[in-house]
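What follows are several structures.
What follows is a pair of complexes built around subunit A, which joins subunit B in one and subunit C in the other.
For the complex of A and B:
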């Protein structure tokens, strides 16, 4: 009896200590996570320009945003960037990581060369790329096309084309993904590869039959991170668009992304209600895409959860 | 509700202050008045003694400016301080790009300067937010505003409330490089008689043909070219209050076609490259030495002189049979309702609107709006530098302020402009689309800033 009470006392004390230890994080999460989300949810139903009191307007903000063609341009561009860049990170990232995984002379130098560009921040990269993708004879890339006898392209100003420039810039950030894949590949037990070699598997077969299946948890993680990153593209688009005096998100909104649109509504038009609607749209799209990936991963993931059962 | 607004505002303010604080530069009167005219020191000291009994007040002043502009604005404020020794002006200047965020943040936080500079289009967004003082309620207002041009006063009047005091009007006209015209063997155009768009196209093509490979005949300001052509056709792009698209008329379409003819003449910098690249921008085009015709105002004169450009201003093109009309940018000063020094702030605004203040203003910035000061300034400028100012005189009586419009309308119009120039839409389709898609944008904007 006595020992039982003392056991309960210890358990309670441990629980209390545990709660105490997580309380700073919980407080931060409530204050900087849940509370802003609740406020943002409230803002979707009000008209607020900072200067006047918020006024309840029901679903008008949703109507305004979802009836605006700019929203669909931004959504389309964002999805192109998300899937385009994710594909680059996944396919090229894994292939390069597999090539860099072998310990040959100078492997570390190649790893550093691949990783270094990803340290450049988005705005700096966009500023560097402006002259490359400039219009007409001002663009370096156009000069190359000209030498090849091809016509000039309006890389950043042609609607439907500008967004692919942002996708192309994803190559610059490939290095950070490669490092994670590399860590994943290095973490695979060499005995799997040895067994595959004994069974007569060549390099390509080892890659498909051993590396990829055992790397699926990393691929899942990277896919979700890639999608979240893609949906949040803003700095590249803003910097590229700032070059053109078109009053907004590039010529004919060619560089509009969801976050850029949110920023424009909130801090250019001071329309916080509509901006909050876009914010929630981004959240819901991220959630849906992540759920789809999780569902797919259950089908394809051959290592991790299944193995642990 | 108020607590929530305060909380939301505070978070935003902290973020924006961090950004804008890094870009701003403050000047106190003590820092920069050291270099002001020594001749007035005795007078100042006398006045100081007279006003010794009065309590000294320090007011805060905010305006957009950078570089030499900032120095000149500060000198202007020093002049005010010299004539009002009991009022000190603490000034803050920011580049225009970051200026409006700073103003909005200050107004939200209730920490705005006592006197704030505004352009008419930026000021418009605050029309019904009750943050600006009705200057008509202040002593001597009728007398002050009676001295200013009627159009400029009306531009800042909302239903009888004078929410801003006009200060100046910025105007641009085409400027030509006379040496490049001579090089191209093209006769100089008239400084007083405007040419039609067709004559312009002809002139530009001749200049282009006579210039060397990497030179361009013109880098004109597309928006102002379109607006002034539409005005000359009597069918402006927007109504003066910015509420209605007006250009979808036969006259307006004629103006749009004239705009297209000039921009697609092959002698103009491509429309999407007007603001960057080797040919500068419309303001700086002539100083590059590679462009024969630019589109700028008196603020570019010093740069052109330093670059040894043999310049000359000419009237903007008009449509066949159209009148000469010029687009202008009205600037003003406001006093926030929350100002704790309204009387002293009003003294500054009154002085800025007076003939004395306006004459000084006209020497370094836009043209004055005080009638007497405007006439005197124009006369002086024209006599001092006829090459620079005669071209402005053609439209002396018909300067129309740029109406306010939302940024999505701006994006729509610029997009249509580039489509027009690349033959993706006709002039008529341009006018129709601008009305069809742009009018709802204007309506929404008006509803958003409205009561």
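For the complex of A and C:
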């Protein structure tokens, strides 16, 4: 009897201790998650500039944002950056990781060179790229083009081109993904590769039939993180745009991204309602894209399993 | 025989591919560095002088000391180090709760932890700004640091995954010896979890070091800016000595190198932990 009661006591104590330990997270989730999200929902329906009282205006904010061509420029640019950079991260990243995993001559040096730039502050990297892509005929890339007898390009000022400079910058951030894939590949049981080799599979076939299927969970997680990161691109665009004296989002908003637009609406135009609408757009787009990836990965995984049977 | 020559060909192909990629990655860095040692007149010269003569090393001391670039560096270091302490300690304690205790809705709550990891912060950004503004926290580091006390979803997830792999026998024994839960966490669990804690610290440090949006909206006094935002101020068009901006960028890169050297030892281990998912 006595021991039974004390066991109950211990269980209750454990329950209480567990709840207490995770309570900071719960408090944080309410304070910095749920509550601001509700407020942010409310903000989409009001007009507010910090000075006067918020005023209820119904759906006008949505109308204002969704009828504004800048929003669509920002959306288009964000999607270009997201898909462009995700493609580079995933496809090129896995290929490079597979190459480095072979441990051929210089693999350690190459690994360090590819990984290092991914640690660099975004604003520093974008500032560094400014004299490469910009600066008219003094720019590094334009001088290279000149040597090859090709005409100068205004990469940063030509509307529709600046966004590709941001995509190109993903080459310098590749390393963070490569290092994760590399660890994943090295963690694969070597007997899989040996079996494939005995079956006569060459390097490329091993890559398709062994490396990729076994890396699926890692690829899935990385692609979701890549997409969320892509949708949030801000510092690179802000840095490149700061070269223009206008204080805007690049020439004809060519450097606008959704987060940059949100920032401009909220902290340059003091239009909290419209900024909140853009915030929710980012939220919903990333939710949708994540769901699509989950669906796709399920299909691929099923396919792999059936094949192995 | 044919197989061997094929292997050699693929070796050569892989080597050339990686060498070319590395070259492309390195060229802008080299260009930045050589340009940072020039005057404006030397810089705006065609063709490029890859080894500048004379090399203006004084550019560096001028930017670092005279233009007070060290202030940004100190601010970044302070913010990142504080974030590491706050975030890693709180997340580790919360992860201990999730890993070792049974309580109602535990699994449901843990799923929410994972879900919040995947949500972009922009939805909550504006209300938080309004919130911190209304309690007078703008122009201080509080909005950047205080939320870290409540744990970070990513770290909670990472650390909890590691904790559940630790043997329970040792903490059971400690419990029988009359050790309290907090002491078990500090003296038994934490020492065993060093690898994951170091990796968490590296991630947090890097995240804080690179953050632009937070400092940009919460801070308006330039002398309190961290490096990532201070650099933007340096590239602003009011400044006309162009190569000095390049010097600032190089200085901003140096801590990255240090970080890289320090992290090498733990990196592979950490990545393996991150792959546990």
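For this structure, a couple of remarks:
Methods note: the second predicted complex is superposed on the first by the 280 of 309 C-alpha atoms of A that agree within 3 Å, B and C clash if a C-alpha of one lies under 4 Å from a C-alpha of the other, contacts with A are read in each partner's own complex, and residues count from 1 in each chain.
Operating definition for what follows: a residue touches a chain if its C-beta (ideal position, glycine included) is under 8 Å from a C-beta of that chain, and two chains touch if they have at least 3 such contacts.
Bear in mind the structure is a predicted one, so any value in this text is a computation, not a measurement.
Of the two partner chains, subunit C is the only one that A:27 touches; subunit B does not reach it.
With both complexes placed on chain A, subunit A has more residues touched by C than by the other of subunit B and subunit C. Of the two partner chains placed by the overlay, neither subunit B nor subunit C lies in contact with A:210. Contacts of A:269 after superposition: subunit B is touched, whereas subunit C is not reached. Touch criterion met: A:138 reaches subunit B and subunit C at once. Look at A:237: by the touch rule set out above, it reaches neither subunit B nor subunit C. By the document's definition of touching, of the two partners only subunit B reaches A:154; subunit C does not. By the touch criterion defined above, A:19 reaches subunit C but does not reach subunit B. Contacts of A:123 after superposition: subunit C is touched, whereas subunit B is not reached.
By the touch criterion stated above, A:75 is placed in contact with neither subunit B nor subunit C. The residues of subunit A shared by its contacts with subunit B and with subunit C are 39, 138, 243, 245, 267, 272.
By the touch criterion given at the top, residues 11, 14-22, 24-29, 31-33, 35-37, 39-40, 43, 96, 99-100, 102, 104-107, 109-110, 112-117, 119-124, 127-132, 137-138, 140, 143, 171-172, 179-180, 182-184, 187, 202-203, 217-218, 221, 224-225, 228, 231-232, 234-235, 238-239, 242-243, 245, 258-259, 262-263, 266-267, 272, 275-276, 278-280, 282-283, 286-287, 290 of subunit A touch subunit C in their complex.
Interface residues of subunit A, counted against subunit B in their complex, comprise 39, 42, 47-54, 64, 70, 134-136, 138, 154, 157, 243-249, 251-253, 264, 267-272. Considering their complex, residues 6, 10-11, 14-15, 17-19, 21-22, 24-29, 31-32, 35, 43-44, 46-48, 90, 93-94, 96-98, 100-104, 106, 109, 112-113, 116, 118-131, 147, 149-151, 156, 181, 206, 209-210, 212-213, 216-217, 227-229, 231-232, 234-237, 245-246, 249, 252-253, 256-257, 259-260, 267-268, 271-272, 274-275, 277 of subunit C touch subunit A. Here subunit B touches subunit A in the complex through residues 1-2, 4-5, 7-9, 12, 101, 104, 107-108, 125-126, 129-131, 270, 272-278, 406-411, 414-415, 418, 444, 448-449, going by the rule given at the top.
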